[in-house]
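Same chain, two partners: chain A is paired with chain B first, then with chain C.
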Partner chain A sequence: MNFNPNDLVGILPAVILTLGGCALMTTEVFLRKDGPDRRYQPFLAAVFGLIALYVSLSQLGDPSATLFAGAAVADGIGRSISAVVSGTLVLSVLLAAGYLETLSASRGEFYALALFSAAGMCLLSQATDLIVVFIALEVMSLAVYSLTAWLRKGTKPAEAAFKYFVLGSFASAIFLYGAALAFGAAGSTRIADLALAVRNANAGSSMLVYAAGALLTVGFAFKVAAFPFHMWVPDVYDGAPAPVTGFMAAGVKAAAFATLARILIGGFGDVGASMGPHGWQSLIVLLAGATMLVGNVLAVPQRSVKRMLAYSSIAHAGYLLVSIAAMAGSEPRQDAVFGLVFYLASYAATVIGAFGIVALIERKLAPTGASDDLTTWGGLAQKHPLLAAAMSLFMLSLAGVPPTAGFMGKLGIFRAAIEAGLVPLAIFGVLTSAAGLYYYLRVVVYIYMVPSTKPEPVVGGRMLTAGVALAACAVLVIWMGVQPGAFATLTQSSLAGFGK
Partner chain B sequence: MVGPLHYLVLAAALFALGAVGVVIRRNAIIVLMSIELMLNAVNLTFLTFSRFPLVVKGNDAPIAGHAAVFYVIAVAAAEAAVGLAIVIAVFRSRLTVNVDEIDSLKN
Partner chain C sequence: MLEVNWLHLIPLLPLCGAAICGLVGNKLPKSWLYAVALGSVFTAFMIGLSAFGLVSSETGASALHERVFEWFTAGKLHVDLGLTIDRVSGTLVLVITGVGFLIHLYSVSYMDEDAAYWRYFAYLNLFVAAMLLLVLGDNLVAMFVGWEGVGLCSYLLIGFWFEDDAKASAGRKAFIVNRIGDFGFLLGIFVIFSQLGSVSFADIHGATFAAVPAALAALFLFIGATGKSAQLPLYIWLPDAMAGPTPVSALIHAATMVTAGVYMIARLSHLYMQAPGVLAVVAIIGALTAAWAALIATSQSDIKKVLAYSTVSQLGYMFIGVGVGSFVAGTQHLLTHAFFKACLFLGSGAVIHGLHGEQDMRKMGGLKKYMPHTRWTFLIATAAITGTIPLSGFFSKDEILGKALQTSIFNSLRMWPGGPFMTQLGLVIYLLGSATALLTAIYMWRCYYLTFEGDYRGGPDVHPHESHWFMTLPLWILALLSVVGLVLGLPEPIGEKLHLDWASWEHFSLGVFANPPISNNHESIPEWLTYGIALLIGVVGWRLAVYWFGSGSEERSNKLVAAFPRVHSAFEHKLYVDEFYNAVIVRPLWTGARVLWRVVDVWIIDGLFINGTAQSVAFIGSIARRFQNGDVQRYAAMTALGLAFLVYVFLR
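Moving on to the complex of A and B:
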């Protein structure tokens, strides 16, 4: 196996993000402890994110290419997810800038860790070798664990990071055991060789193959927060700084779902829909249904908006699993793949905006360790009408009300499910998302109809930076809802070289 | 005669012990040790399949398993570093590493 430097072009977004992380890490050493000279750091991080975004968008139409002798691939879905991750990074660091300054936690390592984590997400979406998947997964996760523990005041951040770390490492170990068994069955850790082993499985090796498939899926079910592996989500999302939570919800989910699809379709695609105990489609259908139900039901009693959004992210993992289940059928899988990528992009824009506004509210609450109870949101419309409008827009998009991005995303996924013959699952999904309307609209009701009992809800500077990022999220949410065709290049190129 | 099955069963037993340890042990440090045990069980599995391959791919197949183990060891070291740092952060904020007492995020 020879190293070909041209292959680096295929993973250029990850390379750019890594270089950016190194640059921020190195320059941090030369700055004074407190002072004005670290104000440029979020913008430097955003510039690197924008370059990575530009590169992944400009490579969208290119033919797919195998990199590093089959260890990774530069294909449509990898590039689309890289674009989503880079955009997520840019918006998150802009929202984090003022948040960290207000809480006097502004240090360059934050942005360096965010860039490293985004690099891991890009690599994860391009990996076609289980060991490369593992390394990219850990590059992503280790950085996110550290970001979760970023605030040193109070007991919540360290506790959230500890829970995330223990369950995340547990999931990685389970995934890795699956990779080892797959290596045994296939004689190689390449997903393509695993597909050969699945196709030629005989009585002796079939148990090994199925155990490997189960362990690999369970490992990623933890990462994407599918039922019954969702218990860590509320605590971690609640305890982490709100801009990090948005980054985590959008970026980690995008990368993990792309990889789950790649492993299940690329490695086990041949046994996806076959009946009996060996087809994994029925299993994913059950998982998707249970995840949608649990996420939506548990979100209802939540009084904290941040915690409610955490449970809602479980529900959204369920909708995304519907698209994975729809892919399990025979080809063409294009509608399900389009649906997955579009949903991930629309969910990223929406959830970063929502957590961005939670971050503005949390600036005031974080030093005292209080949670953002619904009453904190009362009267937001009188004091900050634009923020109130934006939050309502994000809530409507999460609930899937037209004309927002969330509606088009759900439409795409449920249409793909119906075309794949999963009509009961699609109906169940629509019903659970209708139940979701209740807790999303409750936030809107508090914002507009409940009078304020508390003083000024938003403190701190950098409102312009945060405002620009929130406006970008809001524009994307409306644009994707009104004109989804404008994003066709993003979604349709995602099929290139995938799932063959 | 010790064959591949012995190693695989040993690895599976170690993995199960590690998984049980993560779930039932109360000390955060022992939880971290249990995760390391799971990763080492994986290493043993990789090495077993390298030493006694079921399927031979080209001539570099035995090496692939050994290489994988090195990656896992390196990543496990990084993971332990971050994990211990987080445990220290937990200890500084509440002066205990008992998992049962780390429960302020419940409602």
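Moving on to the complex of A and C:
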């Protein structure tokens, strides 16, 4: 394999993010501990994120290209996901800045790790070789494991990170097993070659290919938190620092879903929609239904908002799986791909905002060691009317109430599902999301209607930075809800080069 | 039809005024707020005047049109927000903004002491905007938006003093009764849309309907009109609507909103001409309402209630006019009535204001000494409404009765299938209308004499006084208009002699309405005879009122009451209609609602559906939580089980 330096342009966002990570590591060497000059680190990280965002947006319309002799691809969905991931990174580091400072955990490695994991996510969304997929997956995951354990006080972060690491490694192993079987069946780890093997498979040799498909799917079903591989989510989301949780929920999900779609459509597209043996559509339908049900039902009894959001992220994984099921076919259904990308973007804006506000509450509670029970949200509207309004907006968006981004996202996905003939699944999804209204609106009820016994202000510095990030999230949520057409370039160019 | 791009300013300006007054009105200085509220209506009036000038010139366009924006498209239904001014809607725009401005001016003084004056002016401006949209809309849907908008403002203003329970419930009553009518209006729109595939007036204008759909649409729309324009059987909200501030009664519940039903039927004259049976219903309902309300008005002692029933009665006349196919006569009475009834209401408001809130005519009397301006203007308006020659009311009312006598539109209708033709219906309506005219003269002169003549009967601690010129100036202008309005209805020979024939409403509005059929009934009755009869009726009514209610006639009126105690009591209690509705409609509804609440809602919906769902979710949740115990081994086991299942499905 000969290395063509021009191919680096195709993965430019990942390259920029990697360079940014290296830069931040370097600053850490030269800066004094707890000096005032390290205050610019989050902004440096945000600048690299913004550049990556700009690059991926400016490349959106470009023709797709195969990179590194088929190991990766620069296509529409990769660029869209890179844009979502870069935006996620920018908003997350801005929200993390004040949080870390207040909890005296502000160090450059945090931002370096965030940048590296974002680079992994971008690369993951572009990988077309199972080996590259695995490497990108691990780059992303190892960085996220470390971020989860960032706060070293107390047992919760360590426990969360360890669980994540153990179970994540388990899932990676399953994926790797699948990749090995795929190599056995196709003689190559390229997804395109896998597709050839699927097409040429006869009764005798099909076993190996489909076993590979099952194992690869499970590997990513774990990362996107689909039932029954979702069990790590509540513990990890709850234990991780809230800004990290937001970053995980938005970024990891985006990259993992893109890759899952790429493997299922690119590798097994030919047998997708056939409902008989080996058609994966019916399987994803089952997973989606179960995931939506379990996520929504288990979110109902939660008293901690952060934990509730963790279960809600499982439910959202279920909605996203609906779009994967709707894509099924050798050529992916357009509206399902658009729906997937739009939903990922809208969910990112919403969930980062929601976890950003959770982070503000969390840093107030951190000294007392209490969890963010619903009662601590009481009286927020009196003390911080803007925060209260923003949180209500995010809750409405998660619940899918117009005119928010969440509504347009759900609309797109369920419409695609109906177009694809998955009417019962769409109806089931709408019903479960209606049930979701209960626990989302309960937060709003507490914010506005339950008076606080002793309303305390949110403490700590960098409120302006967090405020800007939250405002950006809120604006995006409304904008995507009111004028989804403005994001058409982001979603519609995602189709370019996707599929075979 | 001339396409212009500035018509939208007419409703938009009062709308902006309403937004400013409502949103920041309590922070603005009072004078600024008045400038905004009055200025926006006055500017709209000036724009309306220039539009009116364009359409009323002989050489100019017959109508102006503006397509403001495409509102929505849903399947076949395509609705633009379009505005049209022709000679009729142009005149109405002037009435709405002109009379509206006068009433705004009057309100500055009337509402000065109210703490919520800013809210009042916001509602009033919003009303003007909605009413303008109703009149200007070039399709039924746009008109319906205005129709609902005025209903909303009416509700808000009737219940303006919502701390008072009775006033708040009067507002609710008006809203609910209007909603019943609005339901009919909507059904009418649906029928027209299903027949025509369009809701624009221009399309309806030229369309030919089959008999049954035409009758259905016309009837449904008329049900809407009976709600908004307070006709039998839905008139009951209007007397209660007097709970609102008096200027509101003058503007909304006399001059403009309540006439919307008449305007709508006139605007759809081409549809109604295709449904003569419905026109007969309209005329009969109008005549019955006119007589019914006039009977009740004779025995009311609250000055505003008298005027309210008088309004219901006069609206009945307008429906007679459109019902007998003379859309010209109906709308002409609409215009003159707007002037003299607004004047009467504002006069009553000045009286109430001067007496510190007293509305009972039994505690008034002799006020001409204290309020000369109010008295003279009230006298002129009373003369106009009672049909005294040559004031405007005489001609417009006589035009209606004359057309009722001559109409031939019912000739083709049978009383029942195979029964005789209804050729004499016009005559019956004429007689009923003339009897109502007598009653009108009696109750209006009674109202005047009890209020202004004789000796003051109120308490010694009330000192009647004349109002500020902000209030008397509008009174004089409206009184003047009640007189000048006569040019609309001058008989042709006289009009030609005075060179005022161009101003005659029949001539002016030519081409807007459907033509009434050529008259052939009762042609032998000459015009001077009907004029003479009308004049005689007016004089007799006046003399009777003086005899019974003039100064020093207490004994006679008491005797009259003593002679017919039960009749008087029935009239005083508004013929027990509210009680009847209460027993027949409201109570059964309450009972039904209680059953729905206690049984269906509490047991089935709350108990079974809501709590049942919640309990089942909690049950599922409690089971699922067992797996979620924080144990990594168990998580890994679940993952492995899931993997096994997936592999099985893939390989199956």
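Brief remarks on what is shown
Everything below uses one rule, namely that the second predicted complex is superposed on the first by the 491 of 500 C-alpha atoms of A that agree within 3 Å, B and C clash if a C-alpha of one lies under 4 Å from a C-alpha of the other, contacts with A are read in each partner's own complex, and residues count from 1 in each chain.
By definition in this document, a residue touches a chain if its C-beta (ideal position, glycine included) is under 8 Å from a C-beta of that chain, and two chains touch if they have at least 3 such contacts.
Remember, predicted model here, so these are calculated numbers, not experimental data.
When the shared chain is aligned, chain B and chain C each come close enough to touch A:Asp235. Of the two partner chains placed around the shared chain by superposition, chain C is the only one that A:Phe222 touches, whereas chain B remains out of contact. Touch criterion met: A:Gly184 reaches chain B, while chain C stays clear of it.
For chain A, the partner touching the most residues, choosing from chain B and chain C, is B. By the touch criterion defined above, A:Gln281 reaches neither chain B nor chain C. In the superposed model, A:Thr18 makes contact with neither chain B nor chain C.
In the superposition on chain A, contact of A:Glu138 is made with chain B only, not with chain C.
Within the superposed three-chain model, A:Ala435 lies in touch with chain C and out of touch with chain B [touch as defined at top]. By the touch criterion defined above, A:Gly213 lies against chain C but remains apart from chain B after alignment on the C-alpha atoms of chain A. By the touch criterion stated above, A:Ala171 is placed in contact with chain C alone, chain B being left untouched.
Residues 163, 166, 170, 174, 234-235 of chain A lie at the contact with chain B in one complex and at the contact with chain C in the other. Only residues 15, 18-19, 22, 28, 31, 35, 38-39, 41-42, 45-46, 48-49, 53-57, 60-61, 64-65, 67-68, 71-72, 75, 78-79, 82-83, 85-87, 89-90, 92-94, 102, 104-107 of chain B touch chain A when the two sit together in their complex.
Contact residues of chain C toward chain A in the complex are 617-618, 620-622, 624-625, 627-628, 630, 632, 634-636, 638-639, 641-643, 646-647, 649-652. Across the complex, chain A meets chain B through its residues 1, 131, 134-135, 138, 142, 145-146, 149, 152, 154-163, 165-166, 169-170, 172-174, 176-177, 179-181, 183-189, 193, 197, 205, 208, 234-235, 238-239, 304, 307. Touching chain C in their complex are the following residues of chain A: 163, 166-167, 170-171, 174, 207, 210-211, 213-215, 217-218, 221-222, 227-229, 231-232, 234-235, 277-278, 280, 282-283, 286, 294, 297-298, 300-301, 435.
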